[in-house]
């Protein structure tokens, strides 16, 4: 175990710092460019230097560096200090790109990876349907191959960013006669075409973070398929793994906990700062135990990943663990805001934090929403039990997978 | 000993339930929920006709002269149906006037409140925080000035029972000079709140007796507990119903043992609260020694359970439970209201411990 | 709702008090009788007056009174004040007697009920077997009818009081060819015979509250069967209902909570009485909410019972609810005793309470044991979900019941 | 950054695990558990031969000169196997002498401790309660008198590191005059405790530096956390194994989703503790600023989880889990020990809050 940055790393840090001094914010006539444009240019330069998209091959726009968790950390720290643009965090970068790199054809990688990671094009995900939440195998949206084009009809739900996205990667039933899982393909679709109807889906917080997408005779070329026909289920599972890791990031729980401590210092209980209340202190301390355990589990996971070793069962539990910490954080925040718990959730978009009471109310509600996105808690518990602990598979799940 | 509702109480509950089922089914409820005022005038009139609005008004003043337990069983039913409107504050305003009003004051206000012609409300949340009568800061007098945070009744209230310094209560007409009210951006759109400002506003003081304020507070706790019990029972039903109809992996999700056990836990959070709120309500009129403390216990315990049940109901409904379109959110926000209004559970537990002499 | 005792009840209370003044403790030459003998005589007199065994017909030794929950309460209160013997609380009285009254033959009732309720004879229960805890239908102890006698071979477990009992009521597989549930009969067995080997089963607390009973060619007359051959499963379910109610009694949780408050007053945290610690106060208050809910649910249940109405789902949850309260009580007690949590469980027999740290440690361990006796928590959760909430039955349970 | 055990540490863990699996399988463990002394001399000697008993003794004095993390990974393995004997107190006594002993003192005691020839122990629980060094009451000096409650090592200990007033530590030989020890009726029979009485007992004081006492306490917290992690991992394994073999209703109980989810929850209580105890151990030698606080966090959090896991393991085993014959009880009682020794979680959480400046 070694948590120190050695001198080599300090040299690297200097190098990154110097690059940033020279390149962000942009200088000269580029100085007044709008943020999006500036960020795109800056990212190109950072990629050239090997600072961003380090795991993506050069030919597709990445910087193709050997894995180095420590360098990654130094980059994030230095970029963070100066508010310099990091990698685009959209669902395209986080979920589609890894999938394409692993499963896509050559032309697909060349066409889609670079503009996705530069943020030039954006994606939305079309997995869930109203009738199939956790049970993707039962999805009903159909695709037929007609005259060298896929013709797609059906409905998707929980599609965040669908109203802005250029493309959708989605699961479609293309082999109606095959067994449930075996009949699904993974298709890419251009969202800017007739037949696509995006309707916002309003959440209990009042904001519309997701959409329903209706697909009516939507077309996409025959070769916009990732993997073979009927392999979509497998292809999508590569991606789900990435989603789990990204949502479960230990950093978020740490930041959220720090916010909670701040809230406890700012609010009062029975006339005294809440942070002085023994009950609150104890609850914070209990919660911090989980937060720390989460944080160091994240360290372990990163180290294992960087060594290309398997961290084991912890990989299956990080998301559920952070969901539960999120529940507890949200619950405690509601006790801290007291009377203001009467208010509505104000201005809390997903991922955005606010120290105001209404922001916490939003978080409180979102702590439920997050438990649901990307596989419910119960499914994750099944996975831990069956794949992690080796308990026998679920009878019902067996049935659906045709065993 | 007979620890059960009387036949009259059971009938009362059924009648109110029938009224709400007929006149405010969920389709209608959603309209009111999304409306500007959160008020359904026709429903209010029907309640008035049924005599619900004057349940705790003495018969001499046009009411039914019933007890807190009767009021509470109605509150349970209101909670079950998430009945929109100013019922809670109305009943509490009446309670205060009945206990603290002079004969003239009673004559002046109670008949119009009992008939539902005028809407009563309470304003007992100090603007700087605090629901307890010793935290009220507006100086009492025939003319008052100051701010309060969470008054009930939205923009429908005709008169307010206002908490004043020295644990005093006064009645202020909504139309009186110097009253201004501002909408509160509340979560629960079935029970709208406003913030009030008084500027040399005429005020009629009620009796100089701290017991009146205490009673108002305790009955309020009981009614919130009853509402919470009814609401949580409804959420449980909705979740069970969903589990019986929704399919995943080719079977009804109610077949999954994990979900069954989650629903059992919800039931365990709901059902035992029934006797607790009954007793807390009964104690207000019959067990003076225990009335204040048991009201605190019931409010803290049952509203906490309601919130837990609401969270679990969202989870039991899967993704859809988190949307505005799903009815769960309406009760979820009522749970937030019941838990926070009159002070959150931690505060009541502190009182509970103090009163026990711990 | 009426929780007052009316004047009629006050008169009744006077009557009971006067009876007790005259009859307990015994007077004259009976004064020095040993407790058991004195209690037996006293009980007879109390039965004569209609104070004990009120629901049992006179012909079997009861006092056959109309149900009156209030009178029952007054009797318990007045007897309690003077430490006068109440009804014998053995498993015979609580479980066998109700079963015999509902299902037994005339001679069985006449032979067994009276001596059981007077405490002249004692019983143990032979349901569980090592291979079948919650799943009674799978039991293996066999009974064969040979020459007008049942010959029984097998093993029972969790048999409390087996070393003292005169008789056992037990479930035995008598119809080997029948479906699982249908092959079981309910037999009564004389424990004082060769072939019965009782071995104490030591608990984690160190004490032996239960036994294993080995049955080797044990005999019992043909007509010592309750109900018909193969009906034993049904017969035993009558009894299980009684067990649930008796274990779940709200009184116990109330008493236990009072003990906990006392403990909190007597122990110190950081130099101050624990009861002054805000964290402890909050936890006690939370727990008291459950205890009160339990208590008033018990009132409701009793009232419904006395009106012969069904209290509904609450009947299925009282035991689980009290188990969970017991867990919380035990857990809090462990935090109150602090360092003494290093000690062993001392002298805590089932049901016996002690205010010493070691007594609480015993309670802590027993709070686990109680969750298990008479149907595990999971089985109870199934019952609540399926019978209480009407959710579909369990696939596995269906299988075992032959559906 | 490399947040993982080194190959040497992994090998150390495997070697110790192998030793315990061979020389103290559960059959043997039960004998020691039920024995009068709770001490297995052969096992102690084997540990000594492996060099485990002097892991934290500097090489100059016959030990391996390793760090707290090395000690902790061994403690994890000991916890996993519920290894009986005085290892914990022995390691802590060494830690104190290494940090606070003069050269002469080190020379006098460390080689014999490192070789296992003598058994070290700690006595730092004040008879009136309190593990923190500012709660120690026995007046320090070359001769000491007074009582202490929970000393480690049972009747095997040869010398005690004793906590004295003023956060001072001293070394007392078990054979010295005026020492009397009385068996404590402890729950955990794998680690026996005694109550000590000193009556003008000769005592060699260690350095007058409160950091020595702090270090002893913090390393103790870390080792208890590591033991708790290992023990809870074992209980989880036992419960999973039981679920895979036990049948009810005609199927392996591991098929039941409710039990699966309970076992998942146990796993969630166990696994994330690994990184936490690693970091807490690592911090003792490398992150001075955080070492005290993170030791408190790890001790409070992981021993609490251990106790939860132990309770759930009993439940997962059904009735049999509650018997003496079932192995679960051995770990259950170790969980009680780990949680209570050096102060229960509430105390450490109070320190955790204070040190954070909350």
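Which chain is which? They are A, B, C and D, in the order written, and residues in each are numbered from 1.
Here, contacts are C-beta pairs under 8 Å (C-beta built on N, C-alpha and C of every residue); 3 or more make two chains touch, one makes a residue touch a chain.
As the structure is a prediction and not an experimental result, all values here were calculated from the model.
C-beta contact counts were set side by side for A-D and C-D; A-D has more. Centroid distances from subunit A, each centroid being the mean of CA atoms, peak for C.
Chain centres here are Cα averages; for subunit A and subunit B they lie 41 Å apart. Annotation: 54 Å between the Cα-based centres of subunit B and subunit D.
Residues of subunit D in contact with at least two other chains: 255-258, 260-261, 346, 350.
Counting partner chains per residue, subunit C has residues 279, 282, 378, 381, 395 touching two or more of them. Against subunit D, the residues of subunit B that register as touching in their complex are 256-258, 260-261. Taken together, the subunit A residues at the contact with subunit D in this complex read 1-5, 69-70, 73, 261, 264-265, 275, 281-282, 284-286, 288-290, 292-300, 302-304, 307, 313-314, 317, 320-321, 324, 378, 381-382, 384-386, 388-392, 394-395.
Put simply, subunit A touches subunit B in their complex at residues 128, 130-135, 137-138, 157-158, 201-204, 206, 268-270, 279, 327, 334-335, 338-346, 358, 361, 365, 368-369, 371-373, 376-378, 381, 396-397, 399-400.
Listed in rising order, the residues of subunit B touching subunit A in the complex are 125, 129, 131, 149-150, 184-188, 193, 247-251, 255-256, 258-259, 307, 311, 314-315, 318-326, 328-329, 332-333, 336-337, 339-341, 343-347, 350. If you check the complex, the residues on subunit A that touch subunit C are 277-279, 282, 395.
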